[in-house]
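In the two complexes that follow, chain A is the common piece, with chain B as its partner first and chain C second.
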Partner chain A sequence: MDRSIPWAALSGGRSSTSSRSADRLAATCVWIAAAAVSAVFFWLLSDLVRHGAGQLSWSFLVDAPSNAGRAGGIGPIVLSTAWILAIALGVSLPVGLGTAVLLAEVTSPEAIFGRLVRRSLDVLAGVPSIVFGLFGNAFFCVTLGLGFSILAGGLTLACMVLPILIRSTEEGLRAVPAEYRLGGAALGLGRFTILTRLLLPAATPGLVAGVVLGFGRAIAETAALIFTSGYVDRRPESVFDSGRALSIHIYDLAINIPGGERNAYATALVLVMILLLTNSVASWLGQRLRGQHLHS
Partner chain B sequence: MTTTVSSRIVSSRGVPSAAVSDGALARPVEIRTRSLSLIYGRKPAFLDVSLDVPRHGITALIGPSGCGKSSFLASLNRLSDLLPGCRVEGEIHIGEIDVLDPATDVVALRRRVGMIFQKPNPFPLSIRRNIELPLKEHGIRQRAEIDAIVERTLTEVGLWPEVSDRLGSPALALSGGQQQRLCLARALALTPEVILLDEPCSALDPISSGVVEDLIASLRGRYTVVIVTHNLAQARRIADRVAFFWLRDGAGRLIEEGPVDAVFDHPRDELTAAYVRGARG
Partner chain C sequence: MPAHRPFTIWSESYRLSRRVDWLLLWSLRLSAIVSGALVLFITIFVVAEAWPALRNIGVWRFLNDASWYPSGGADGGTFNLVPMFVGTLLTTAGAILLAAPLGVLAAIFRQAYAPPGVGRVYRWLIELLAGIPSVVYGFWGLVVLVPMIARFEPPGASLLAGILILTLMILPTTALASDAALESVPRRYVEGAAALGLGRWAALHCVALPAAGSGIATGVLLATGRALGETMAVLMVCGNVVAVPASLFDPVRTLTANIALEMAYALEDHRSALFVSGLLLLLMVSALVLAAEAVDRRQTVG
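What follows is the complex of A and B.
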């Protein structure tokens, strides 16, 4: 039952004529800007569909590539991508969550330590991915001896995704009203209960936004993976094998393989579809989790 | 033989007696503070407050905004621990608990001393879960027992007829007054001895405010209630005793305290007289 006054219904009414034309101009500008953004997305998508949809089939998704990717499918590449992403998110989620809780709940916003960590994260978030690739190669592949492997690639991506994940989760936690903390403490709830039962569920939208952004950055990543997970297009046997990610496959087909454009388009279409799908699933899941929490 | 029904002007030399004289009936002291001060960094919220709160009565803290009443309340259940840079000095005894002793179990203290805030703050959970969560935290896990407590406390605050058929719906969908009563039910579920109320009616509409006020008045005789209020008429209606705070030299001070009629009708201090008359504050 919503008894609030429908102020939105007033948006059509205007009093003075001079402000009316200014309003109209502003509204037009805003609409044009919004339309332009959507237009770019739809143009991109329709281009992908036009050039790539013809190649799409079940066998394209599961078959191994042949003739350097000009023919065949992308089965092993989808598999490698899934493993790399699973490692990246599997490592970055717990670490990110822990750090966000530390920053938002344990240290005060003014504390030197918290400010230092936050500043480093902001810098890290802006570091070009090729730098992460070089670091990942030097540290995971060489120093830790993982070589060109899915594990090294996944860990490198985890480092890239962490800043995004931490910052958005931290913002989510900070946005939780202080009343929950005070009210919980006044009832003698322990810090852990307040965190797990009240704060984290309330911060779920922030966490989901972080995961979506992080996932998007990870699945689109090319430069950092060339040096770490490599570009072997065989089906990986374990996480210690080298594996080619979708984005690298697109890059390779488009740049190095004459006649690979059609499959590059089809692969790009698959990539964008995965991205759209995970975004919708994540936001649906986030809402559902929140709803469940409210009603439980 | 003379019975003294009068208020006490509080000065640093005066130390109140062990039992609070409440006219004909003397009640044992439940909360006793001595030279209590709370300081945020360098800024004192209130200084040198010595107050005895009688058991199972309603004590109202009155005075203008910013004179330390809410901070005083927050020191009683050590909620002040949560505020960064906050220091509490002096003595607080609630029953046999030495509140400010670092060894005191804060969780056990807060179970015995419930608190209601100005803005109703139910958790973003269902109505039932709002009461269940603190119960589980304090070791009550059996479903039948929890169900019984949920029904008993919601009945006690008059919410049961309104919500018994939708205990699973979100507490945030309730009206402001209902939310505040749910918060009270949630606090009562832990069977506290003391209930601290920080302007519990000021964020509510007049009708809800009246309902909550009646509810608070009904707690008399069963719980020790300390209520901060800016509504002098409310203090007069529900309180047994009144403590008047005032800002002096940048810090809150307890100026005068005593039985409600004595403070309102025969205040000893001129500040109190001006404040209750509505001439100041």
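What follows is the complex of A and C.
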């Protein structure tokens, strides 16, 4: 179905010459703005590749940093990052899934409880990351006594990615045709069976897209981790050790370590490559999800 | 819209699975309560940590103390947050002034000017831009933008650098929101404009943009929230001097950067004062999110 707007039909406004020249002026402005945006983007990316690609190698990814990060690799930092992300997603996934199922399948759109939860999740999605950092430090590090640790950082990020997970999973569930539920009910299946055997498998694209988006948000995060998971760049022994995430490594090399620029570039390139990959996966899944919407 | 939630249909049947379903329902409710209450819990925690400073120091001194020297001396230090607040407002305002028009132009480009293939690539590009971490923007600003500005007007790390980097960061938000708003303008509006013989710009300016107005406004409000709360990028390029800047080329420190810089060693009243600035950020951003939703809702109702 073509629901695109027929802009091309408007290209030659056949009225007065003054509106023609206004048209031309507007087109020029629009093209210049668009070109400027993409030029800056390519400038940034090409800078990262030009200065970072030279350092990239297998040993850079697995070796420990030496000389405060100026030399060596990012091995322990990759490991800490993986731990933090695993905790963040492992904790937020069950809670987010439960909330999404409740919002999409149980409460009616008009119910006060559902509206309240949704509103507060929207506010949560807008909370600045530094405020998450303050909260994580006060609650997980001090009140719960976890100190600067991978666990505290992971839990802080879990709070952060929760709204993203819920929104995407809810969308996925809403895209499942109503016939699935009616068919399941007609067969006399219980809620649990319908949910696990019919709805969740059918809503997988939304769920996976949410996980991928949450992963992207979490791996890009810096400010919320400075005071929760900390700076230590050694290989973590357990989740109660402090561990440095990739993003914090970039920050530290750029600000605190003179001569750390080269490895900061390489780490930034690694991080951006991971994000480009996850974003492409997410937008591909999003397209599949919208496709389902249309066919339902 | 498909009829979801036929749980009401299933609920009365089949006792065998009833107990499982009851457990399921309550675990769903429990997780929804946890997610829904989280933002309240965070607010309460930040307020509790900020309370000692609000009581011992008081709002008056946050506004009127001679300087920001929070860990200083026997008299307990001074706590003027105004320069940081002004820094946050100036960087945000500057970034919005640039990112809002640029974002709208980028959306107009994709919707009305770009050939279909180019439009698709362009959207993909903006989405990638949205995914780049703030610390990478900050790093790039530090090694590329700041030295460039320093060549014209030292020291380089300045309000201007902060505004430019923030603009890049929030541009995808305004562009994607405007894009979605323009896309949802009914096809017949534009067809009507074409039938009236309007040119492309006239149709955009007089028909499509007004129809997309509230969607664009929602995007701008959300982008403002992002700019207010952004930490790493401004921390790395703004110079972080505590003073109200006299020009675009003077360094500034924002509320967020102040927290990130001082949290590591802050104790007692100083630590608590940082939570006060966190609370201030939290309140401003929540107000913006709720305002954005109000604009959005009025659109769907009206």
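We adopt the following convention: the second predicted complex is superposed on the first by the 230 of 296 C-alpha atoms of A that agree within 3 Å, B and C clash if a C-alpha of one lies under 4 Å from a C-alpha of the other, contacts with A are read in each partner's own complex, and residues count from 1 in each chain.
Following the convention adopted for this analysis, a residue touches a chain if its C-beta (ideal position, glycine included) is under 8 Å from a C-beta of that chain, and two chains touch if they have at least 3 such contacts.
Quick caveat: nothing in here was measured; it's all calculated off a predicted structure.
Contacts of A:Ala202 after superposition: chain B is touched, whereas chain C is not reached. In the superposition on chain A, A:Leu134 makes contact with chain C only, while chain B stays out of contact range. When the two structures are aligned on the shared chain, A:Ala223 is found in touch with chain C, with no touch to chain B. Shared-chain residue A:Thr193: touches chain B and chain C both.
Within the superposed three-chain arrangement, the count of touched residues of chain A is higher for C, of the candidates chain B and chain C. Looking at the shared chain after the overlay, A:Glu237 reaches neither chain B nor chain C. In the superposed model, A:Gly98 makes contact with chain C only, not with chain B. Once the two complexes are laid over each other on the shared chain, residue contacts for A:Gly183 go to chain B alone; chain C is not touched. According to the touch criterion, the shared surface of chain A, contacted by chain B in one complex and chain C in the other, consists of residues 108, 177, 181-182, 184-185, 188-190, 193, 296.
The touching residues of chain A, when paired with chain B in their complex, are 108, 177, 179-190, 193, 197-198, 201-202, 293-296. Within the complex, the chain A residues that touch chain C are 3-7, 9-15, 19-20, 22-23, 25-27, 29-31, 33-34, 36-38, 40-41, 43-44, 47-48, 94-99, 101-108, 113, 116-117, 119-135, 137-139, 159, 162-163, 166, 173-174, 177-178, 181-182, 184-185, 188-195, 216, 219-223, 226-227, 247-248, 250-251, 254-255, 261, 264-265, 268, 271-272, 275-276, 278-279, 283, 296.
Touching chain A in their complex are the following residues of chain B: 77, 79, 82, 84, 106-111, 114-115, 117, 119, 121-126, 129, 133-134, 137-138, 168-170, 172, 183, 186-187, 190. Those residues of chain C whose C-beta lies close enough to touch chain A in the complex are 2-7, 9-11, 13-14, 16-18, 20-21, 24-25, 27-32, 34-40, 42, 45-46, 49, 101-102, 105-106, 108-114, 122, 124-129, 131-140, 142-144, 168, 171, 175, 185, 187, 190-191, 193-194, 197-205, 208, 222, 225-226, 228-232, 236, 256, 259-260, 263-264, 274-275, 278, 281-282, 285-286, 288-290, 293.
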